[in-house]
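Okay, handing you the structure first.
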Amino acid sequence: MKDIQIMDPREIIARRVSLEIRPKMLVNLGIGIPTLVSDHLDESMGVFFQSENGVVGLGHRPPEGMTDRHLTDAGGSFTSAVPGASIIDSAFSFGLIRGGHLDLTVLGGLQVDAQGHLANWMIPGVFVPGMGGAMDLVTGARKVIVAMIHSTKGKSKIVQECNLPVTSQRRVDLIVTEKAVIQPRDDGLHLLETGPGISVAEVEADTEAQLIIEGDIPEMDLSRTT
Amino acid sequence: MHLAITTEEAVAMIPDGARVMLSGFMGVGTPDGLVRALAAAGKKDLTMIVNDAARPDTGVGPLVSAGCVRKFIGSHIGVNPVLQEKMHAGEIEVELVPQGTLVERIRAAGMGLGGVLTPTGLGTLVAEGKPTVEVEGKTYLLEPPLRADFALIAARSCDYVGNLTYMLSATNFNPIMALAGEVVIAEPEEIVPVGVIPPDAVKTPGVLVDHVIKRAA
Amino acid sequence: MKDIQIMDPREIIARRVSLEIRPKMLVNLGIGIPTLVSDHLDESMGVFFQSENGVVGLGHRPPEGMTDRHLTDAGGSFTSAVPGASIIDSAFSFGLIRGGHLDLTVLGGLQVDAQGHLANWMIPGVFVPGMGGAMDLVTGARKVIVAMIHSTKGKSKIVQECNLPVTSQRRVDLIVTEKAVIQPRDDGLHLLETGPGISVAEVEADTEAQLIIEGDIPEMDLSRTT
Amino acid sequence: MHLAITTEEAVAMIPDGARVMLSGFMGVGTPDGLVRALAAAGKKDLTMIVNDAARPDTGVGPLVSAGCVRKFIGSHIGVNPVLQEKMHAGEIEVELVPQGTLVERIRAAGMGLGGVLTPTGLGTLVAEGKPTVEVEGKTYLLEPPLRADFALIAARSCDYVGNLTYMLSATNFNPIMALAGEVVIAEPEEIVPVGVIPPDAVKTPGVLVDHVIKRAA
């Protein structure tokens, strides 16, 4: 586990997301910030990481000279396998995802809206990477956490309604940014926590979507361990 | 990591009336220890989802003979006269499903698919009362997913993560049923240390397995 | 391969069916007479036998003392694996069958009718073994041969219309009995060959269904090898 | 038994305009020798069915860069700027399919199923113009099977029966695509004698494989 002195927004997000992970969970981490989450977990928790390309039990990137081109993660980077790892084909891998066997997925986002809909696979006319496994992950995982920087170019990514194509009609379970922890519910987006040193007013000012604020809102407790 | 449990502890988890998938093909690849213990415990009103009724003393046979089964869902009952008798006497309800449809319905349940579109059974008794779907000019029978409260799995080797391997034709329904039980209980022939089964040799990842039966000392 | 001196009706059928098998085919043999077919094939043909329970490359039953309870055929009997054999699970096994990868299946029958429909899985109220894999085999195999004794208790099993529940709406490709080789086509059942020492008139007399007879009908040539 | 053929003989079988499945995930588990030879042969108007566009020099990349591809069917094209450019220029048609739907559509084609009933894509652009089917009160998207004239497979080991094994994450789409090509061509890292691969280690039975590429001497 990393030291708790965290200032980088990406590390704040990764650390806060890591507190959502319970022992023995099967977890899929998306590319970018989500990848950082595993650094904050104790290996004794027995969490298994799955990647879309069929590794159940991803380990850390091996040292230079100990990589093998047959063992890669969903980004195509060299990885390793933990003791007890297994390999499955792509149909099986997405069966795990779609069939409710994946306890948690952590994904990046372009937008999340007041209904909890995530958009993270294309900006029409500008950037069309494709959905890869994201649509299956958001539709099928037992729990979906969006881990993203709160704003991009000064514009809130938490919006009243997505104007980008959504990834799924399923409502995500939690949004974690460096400024806030937000939970989409039937009646809208509930602010659960603020980021380190951030006030509720600042979160509201920096968020396009209407937030529901009930009672005292605590600051993220990043000193906690799971 | 899983702490291995005893057969008795496993049997205690399974209530009367449970829906249970039992692997095996003519009794080969069936977790016989669990079957014997369930029969001895006198379970009642089980719905058994299993390829075939095997013989009275193999596969699901002992459960049928002991009067534990209320409903049988499977593809073949031809060599178990006890089941045939109980069926004719109205003691056991039998639902016959073509074997390929049976296994694919189980897979659909485990893999989050809405059902199976198959040509098998069209124009036969099996199709009666079932919806059909046309795709690219061809007609298919729509068969729904098949789930269970428990899946009882016979494995060759197992580690304490729950990773399973199978051996030869004892594989059959095991890897598919391991996808579709709400609770998956594996009865391995041996338990080996974690890291001993190569990742490419694992047929069922341990994340699918809830409990592992330890061998009698 | 067995000697060509064949008198047993079952052996006549098995030998005649074996002539339909081409090198390298993937073949599924049903229980009963179909099982005998493999005895008439030369191993150099490279034919692979598949069984529903997931063996691709079934061999002969091993000698006493060399059996293993993990290696059985679709009837649950001990078997062996040829060099190059492989094991697949039940979903994969029926994928091979339904997906058109199985070149030939040879099955027993209770009835075949003028439309080429096979009934082989139940006699309502009398005998209900279940369809096992038969419905998938008849629906999915590239070629379906019914191998059966011509009549049972003096009653022809080749009927104008099945009164037993059919196994598939798919027309079978060939019917082989000890008395005749019959091919179902759009216009009905064509008599292609007669059994050893059987006349066309005898076949007609012993067959309930109308047969189409064009030109001279040869006798089965069982001295042929494939 | 299969007589192994050369990469050049395999490439000669594949005509311009063919529909080709190519395995691999970000270029891992892709038969690179076949890709390079197809690009060098200047094939035209190929429809490539492949998980992702990889990078310009990996996976399907060399075929895209060499102008061999008319249509790309896959789930991800984000790190291949050459494909993005050709797509925007109208040179390559791109059909994006969610990864889990893509692999299951290929499996359906290979396993004789009429299509896939999946919740994935409902309520998104992917669902536009597609039929839905309701099963037990839930709605699913109906996605048709996906076939190809050729499936190009990268294997770890192969024997002369055509049995294939794969290694670790180079497995990915290989065993599924091997089901769904009209002609299946495997490029193994090594060819071993028949009988050397244990039956339980075979991931693709040789009966599915039409041709095996021999290694350069």
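General remarks:
Per-chain numbering from 1; labels A, B, C and D assigned in written order.
Please note the rule applied: contacts are C-beta pairs under 8 Å (C-beta built on N, C-alpha and C of every residue); 3 or more make two chains touch, one makes a residue touch a chain.
This structure is a prediction, so every number in the text was calculated from the model and none was measured.
Chains that touch both chain C and chain D: B.
Chain centres here are means of the Cα atoms, and by that rule the chain farthest away from chain B is A.
Centre-to-centre, using mean CA coordinates, chain A is 29 Å away from chain D.
Rounded to whole angstrom, the centroid-to-centroid distance between chain B and chain D, based on C-alpha atoms, equals 32 Å.
Centre to centre, using the average C-alpha position, chain A and chain C are separated by 56 Å. Contacts with at least two other chains are made by residues 104, 107, 111-113, 118-119, 167-168, 171, 199-200 of chain B.
Residue positions of chain C touching 2 or more other chains: 55, 81, 87-88, 91, 94, 97-98, 140.
If you check each pair of chains against the touch rule, the ones that pass are A-B, A-D, B-C, B-D, C-D. Within the complex, the chain C residues that touch chain B are 51-55, 68-76, 79, 81, 87-91, 94, 97-98, 128-136, 139-140, 165-169.
Across the complex, chain D meets chain B through its residues 104, 108, 111-119, 133, 135-136, 138, 140, 142, 144-145, 165-168, 171, 199-201.
Across the complex, chain D is touched by residues 24, 26, 46, 48, 50, 55-57, 81, 83-88, 91, 94-101, 140 of chain C. On chain B, the positions that touch chain A within their shared complex are 1, 107, 109-113, 159-161, 163, 179, 194-195, 197, 199-200, 202, 205-208. For chain B in complex with chain C, the touching residues are 25-29, 51-52, 54, 58, 74-79, 84, 87, 94, 96, 98-101, 103-104, 107, 118-126, 156, 167-176, 203.
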